[in-house]
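The following blocks contain the structures, represented as structure tokens.
Consider the two complexes below, in which subunit A is the common component and subunit B and subunit C are the respective partners.
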Partner chain A sequence: MERETYDAIVIGAGHNGMALSAYLGRSGWKVLVLERRLEEGGGLSTELYTEPGFLHNLHSNYHTFVGLCPVYDDLHLVGGPDGVAYGHPPVQMGSIFADGTALTIHTDMAKTHASMSRFSPKDADTFLRLYREVKGFQDLMIRTLMYAPPIDVNDITRALSTWKVEEKTEFFRARLRSMCINDFLNKHFEHDRVKAMLAFHAAVCGYYTDVVGLAVSFPFMLGKIDNWRIAIGGSHRLAHALWRQMRRAGVTLLPAAPVAEILLEGGRAAGVRLEDGTEFLAEKVVASSVDVGQTFQKMLPPGSVPLPVLDQVEQYEYQDGSLFTVHLALHKLPKYKAAAFDPDIDRAWVLNAGYECLEDFNEDWAAIRKGEAPAEPKLNVAVNSLFDPTDAPEGKATGLIRVFAPHSLRGEGPEAWRTPFREAYARKCVDKFLGYCDGFTAEDIWVARPYTPLDISEKLVNMVRGDWMVGRIADSNLLANRPSPALSQYRTPIRGLYLCGSTTHPHGFITFGPAYNALQVIADDFGMDKWWAEI
Partner chain B sequence: MIQREYDAIVIGGGIQGLCLGAYLQRAGMQVAILERRHEEGGCVCTRETTAPGFMHNHAVCMEFLDWMPFYHDFGLAKLGARTLYPDAQFGIPFSDGSPPIILYSIASAENYERSHRSISTYSKKDADTWVGLRRKAQDLEPLFCQFFYNPPAMPTPDDPDPFQTLNRTLLGLMGLPEHLAQGSGKDLIDFLFETPGLRTLLYKGLEDWGTPLETKGLGAFALISLFFVETNSRIMIGGTHTLAHAMVMACVREGVEFHERAEVNKILVRNGRAEGVVLADGTEVRARKLVASNADLKQTLLRMVGEEHLSRRWVESTRAFRYGRSCVLGSVHMALREAPDYKSARHDRDINRTFITVVGVDTPEEMTEHCREVEAGKIPTIPALFTSCLSVFDPTYAPAGRHALSAWIFFPKASALGRAEWARVKATYNRRVLERFESWAPNMTRTNVIADFFETPLDLQDDKRIPEGDFCYGAICPEQLVHKRPFLEAAQYRAEIPNLYLASSGQHPMGGVSAGVGYNAYKVIAQDFDLPYRPWETTGRGF
Partner chain C sequence: MPTIYSPEWYQAMFQLANSRDDISRKVPQGEWRIAVEVEGDGKSPYVPEGTTKHFFVRFQDGKTTEYQERAERVPGQGLHYRVTGPARVFEGIAAGVVDPVEAGLNGTLKIRGDMRLLMQHADMVNVIFEVYTQSGLTEWPQGKPPYE
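Our next item is the complex of A and B:
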């Protein structure tokens, strides 16, 4: 049977698979992207989840690498008729506390300082010093760490040491490798509420605050505390922009085309076979943007992958928890009691409503690891309609409430998310939220529809156990350890087979890092002209 | 940001608009498609309404893909719009477990035999009749396409009533008596067939494929629903969304510019012609050559153009144009652990693998009563369901081992009930559906349902501006068909305002996933603007 041949076949049309395909297409390669679902996008998904006219981001809500990531510029993803229009909320995030106080983080750091000072002037000063110091290193961090194939963390430490980092900076220490985010915060900050705010920022980025080693990433993250952007019209606009660029680059995308097997010929990845039997050939590259389990255990025949690598894949760890969301269709914008303390809280985007101190986070992580949804849900809330005039009907608003929650509920497994517990937990979250509100009651909520960790894993098979970071965020699973030492450079033991998804460095979230870095490696291997921005 | 000027502005990115936009762009015009919603496709969409991972189509039967010029001229299959063609197309199981009646696709002689065998369980005479007529219709497909994919014939001294001519021609070609033209589709079915179960199946098919059951004067037109489009349906692999995506991609590839969340408030009429549009946010977008509207007739002419620019004749005719109650649907969506296992399957397992099954009515009387209730503006007591469980054919429609079911049921127009009443129906109707369903398939218990959702005609109107929830954007009745669709002066897609064209499904031929209106409107525009791209002349197909 005649099989169509391409230069490259990309498995999965999430943002990484799409980006890689667009680069390769623009380099003159004939590229095919195969997507299991009926449409491209992966985590870039926006749907009318409640009522007509209410657009909900079901997965990715926050885009924090706009302006930092070279892919946006290389692929013309921002602005123009085909690109995304991004909003940049002046009040980036905030915390509402039970005692009616609030802390707000602004794009204008003077305002952030002022808000923090009301809790602790010392902490406010420390924070500003830290922020400024990180900003000074941001380019270096991005160039050497984020948008380049990963180097070993020992090499990083050695390099920083040689450079005498400890003499040059206040906050960077080799010791960070043995610290968790809690340790870092406790060391440098004094006030519980300030620590909670900063810990919240890390948690929403997928970094659990009690995991040893993550203190290394923490300063870098703080440098982006002012870069939370909202895709006007919904996160899927970015998927659409990518898809159109792919089309312009001549890339073929086939939806509803789940890959069953990667075809091997003479030890080389030579193509794929779909679940319906159709085969396609790849002359140069097969790049998988899906998880290592699917790639190595499902798509490759036994015996084709060296046992040590298979072992590593088998031992691949995922995050302890996922997310439980309640998507809201609202009759009006909520306002908070805490606005009496700080009016800016009513216009904050990413809201912490529940975490008051570091111990609150620790409790949640402990519960999740035991397979329990936190008994007292602590919320992260976002009402996108504050900044997006198009995501709800006139006069209405779209919002979400999120809670960290396990995929498998102890005793019943993930199916527990299909029992009455689902609605009960949603009600709990909503009630908790309403407790913070002023002049906003249950009547103002038209629909509150849950979206559970099981929903995540059913819809996006790649997000194993609902893990949107697609792999544990910990020292042992980052940088040159991700997804395993043998696989961290985007190449695999099989010639022509590459990894380019969130299971590789850096990790999940909309970073484009995996795709961009896989591209560098592919470009090197095939002697391609690197027409894209030198990072 | 929207560039301020284009050659052609197409209002609405539904399939008619996408089709028209692609053709105009290929013909050399710079086109902008302005879509009010966040995405294009309109009714051609797939949503995970019940639970993530479970796909539910809005429109489900792709029976025009063989013939649709847009699909072939723009290579939509290669852009990801792939299909399956199930053998068992349309069938009816019974609540007492009697043998089902299944109509098979026309893909092979063997399939005709299978249809014959199935109907013969009840009546060999009916089997002969059905197979004979279906074969005739298959042979007549080129003529059917001529009718469908061309602007309507207009009255002339020699042919003062093209609709009646069509009726006579159809009946003549199918070898049937002329008097059937005056009757209804129900009269036609009763005339042709004696088996009650077959009548029930065909009553439902008639309605779902566009012809209301008891409207007089549609006895010949009903032949289209029953014998041309029925049993010719394909499933889009992955969901009909892939077809919409392929259509959008075809447009993008040609160079069409898209703007979503771009609601048009006014069509600018200046210097005696349509010069552009004004969006809800006040932006003016100019059209150097033409404006075409995919939005329904009343929206286009009364709201966007405004009565002050129209003659009294046009205003009155537009106002008089009826939406519904034909083609107004409510839809049931269910995420299931198991696909329905019908009692009737013990006689013929194919019923469990039939593309569309009619569930909830056993007899013609029940079906007729159901239609009459709906006609009277009431929520039907008996749910008569046009059911599909597409995960049976395409596993990508649901997570592994699970199933996604959708069913359509005729409902009163959106304006027949108040908002609060619709909300109540939405929250409760599925219970009635499930209770009924269990009598046909005992495994359709409450526990078999993981999640469910109900969409009302009001939802369709709210979400997609489908007027009254009528997917044909205009009642199917003798007064509103062919040269009178939507009315005589407007039947050739040209609005009264020069350079303004009407391209909603309320024009000829009608709705359904056929992109017929878009194509036909393009033909008229190609003529008016002397456009070079004329595939009806250059390809062999003849339309």
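Our next item is the complex of A and C:
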């Protein structure tokens, strides 16, 4: 049997696999990308999910690393004829509260300060000091802690101590490593609503507010509270931009090509076999952008992986919860009663409708860990048509309502999301949403179609248990602990086999970090000219 | 004592650094190429406002082996670090009145490159800054920071 040979084979055409292949292709390598699904993009999925003409982002909706992540620049993914047009909503986030008040986060921090001051002038001042402090070192730290293979957290702590960073900053402390985000917010802020707004930002970024150790990440996360970007025409446009770069670089992408096995030769990853029996050979690298479970437990022959590594893979943990979404096709843009308090809330993109205080988050996390969909759904709402008129027919609008929810419902498992509960819970979410609206009723909603945690895990098998972060966000699974100490540097015990997916550092979300960092390691191992590494 | 930014000043500073075994012992071995960009900010009398001084420094196994002032921006390819900031900050550090870590944290001093190595050799960074702030090395004929 004749088998085509490539320099590198990348398993999975999600954003990480696509980005890595484009870099390798531009470096002169002959690269093949194999994708299980019919289309590329992974979580960059935009579909006409409700009605023709209505574009819905089924997974990734918010792109917060534009301008921070080097991949966007290196691969020319933003602007121009080949790149994505990104919108940057002036009112980035908002919270609507039960008493009709609202808090808004703007790209203009003076406006954010003014909005926050209506709840607590002290908190508004604290927020601004925190924001300014973080902005000072954000670029430096993001480049170091996200866009470089991870170092041991003890090295980081020692350096911060040696440089006496604690004496030179107001908010950055080593003891944040033993605190949760709730602790951080309680320590520095006084007003429940302000805390709820900031906790919501963390939660939507995939950071549960009660997980001990995550407070240390919060300041960095806060630095991008004004960087919520929307891909005009849908998130899948970013996949198009990646695909154009891949094509330019001569990369071959095969959809509907599920990998059954990674072929080994003399202990080296030498190629792959597809489920239909077709084999491809890789002379240098096989890079897996799918999760560690699929890579090590399904694709590698039994006995090829050292048992301690297999143990670590088996113990790999995922987030407690997932997302339940109701995608909306709307006859018009919604308006909110809270606009009487703050008119800007009508133009806010990432909208909290339900979380009033930190305890509300705690209740949801507790319910999710028990396998319960929150009885009183608290919503994450985004009406993309406010900023992207191309995503719906003229005069209409698209939107989404999201709720943190478990993948497996207690007593019934994930299959419960196929029962009438799915529609009933969607109705509950919509009713809750309508309760905040002004002059916008059920008649203004043309279609409301749910998309459940089970749908997520079935569509993107990489997102095990519907976990869009593709692994628990906790101290034990971040930096050099992700996915395990032995696998954290993107190399594996199998020579020539690399990891480049979201189970590796930093995590899921459209960060491109796993691909970029795997690239550095591959480049080091093969003595590549790092054309992208312009300092 | 030479004037800041003069070839003699760098020469004196690097001689001092090269004589420090504690630096050459701790610094990661191999070659390190660093660009330094000092931006005239209207405060410093040593760098005219709107202009930038470009420097290139090469370290080999912990010793400074090359120093150049360049007419133009040092190309980014092959560099390990690029340090950019207003002249008053560089001069403030040299005069011992600005804390370099604080300047890095608040973003007035921008450092690009792989910070992991600096973190893993944090005490070496402190020693290098200590050398840079040896006030005895610098003459301030046009005034010493802070300039206010």
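Please note the rule applied: the second predicted complex is superposed on the first by the 532 of 535 C-alpha atoms of A that agree within 3 Å, B and C clash if a C-alpha of one lies under 4 Å from a C-alpha of the other, contacts with A are read in each partner's own complex, and residues count from 1 in each chain.
Keep this in mind: a contact is a pair of C-beta atoms (placed from the backbone, for glycine too) under 8 Å apart; a residue touches a chain by one contact, two chains touch by 3 or more.
Remember, predicted model here, so these are calculated numbers, not experimental data.
Participant: Per the contact definition in the header, classify A:Arg143: touching subunit B only (first), subunit C only (second), both, or neither.
Facilitator: After superposing on A, A:Arg143 lies in contact with subunit C but is clear of subunit B.
Participant: For A:Ser304, decide between first (touching subunit B), second (touching subunit C), both and neither.
Facilitator: neither
Participant: Could you say whether A:Thr101 touches subunit B, subunit C, both of them, or neither, answering first, second, both or neither?
Facilitator: A:Thr101 contacts neither subunit B nor subunit C.
Participant: After superposition on the shared chain, which partner residues are touched by A:Lys459: those of subunit B (first), subunit C (second), both, or neither?
Facilitator: After superposing on A, A:Lys459 lies in contact with subunit B but is clear of subunit C.
Participant: In the superposed arrangement, does A:Arg247 touch subunit B (first), subunit C (second), both or neither?
Facilitator: first
Participant: For A:Lys164, decide between first (touching subunit B), second (touching subunit C), both and neither.
Facilitator: Second partner only.
Participant: In the superposed arrangement, does A:Thr5 touch subunit B (first), subunit C (second), both or neither?
Facilitator: So A:Thr5 meets neither subunit B nor subunit C here.
Participant: Under the stated touch criterion, which partner chain does A:Glu39 make contact with: subunit B (first), subunit C (second), both, or neither?
Facilitator: In the superposed model, A:Glu39 contacts subunit B only, not subunit C.
Participant: Looking at subunit A, which of its residues have contacts with both subunit B and subunit C?
Facilitator: Comparing the two interfaces on subunit A, one with subunit B and one with subunit C, no residues are shared.
Participant: If we count contacts the way the header does, which residues on subunit A are in touch with subunit C in the complex?
Facilitator: Touch list, subunit A to subunit C: 133, 135-137, 139-141, 143-144, 148-149, 151, 155-156, 158-159, 162-165, 168-169, 531, 533-535.
Participant: Hey, which residues of subunit B end up touching subunit A in the complex?
Facilitator: Of all residues in subunit B, those touching subunit A are 1-3, 38-39, 46-48, 51-53, 55, 78, 80, 82, 237-239, 241-242, 245, 249, 252-253, 257-261, 394-396, 399, 450-451, 459, 462-464.
Participant: Could you please specify the touching residues of subunit C with respect to subunit A in the complex?
Facilitator: Residue positions touching the partner: 35, 76-77, 79-82, 99, 101-102, 104-108, 110-116, 118-120, 122-123, 125-126.
Participant: Sort out for me which residues of subunit A touch subunit B in the complex.
Facilitator: Subunit A reaches subunit B through residues 36-39, 46-48, 51-53, 55, 58, 81, 233-234, 236, 243-244, 247-248, 252-258, 275-276, 390, 418, 451, 455-456, 458-459.
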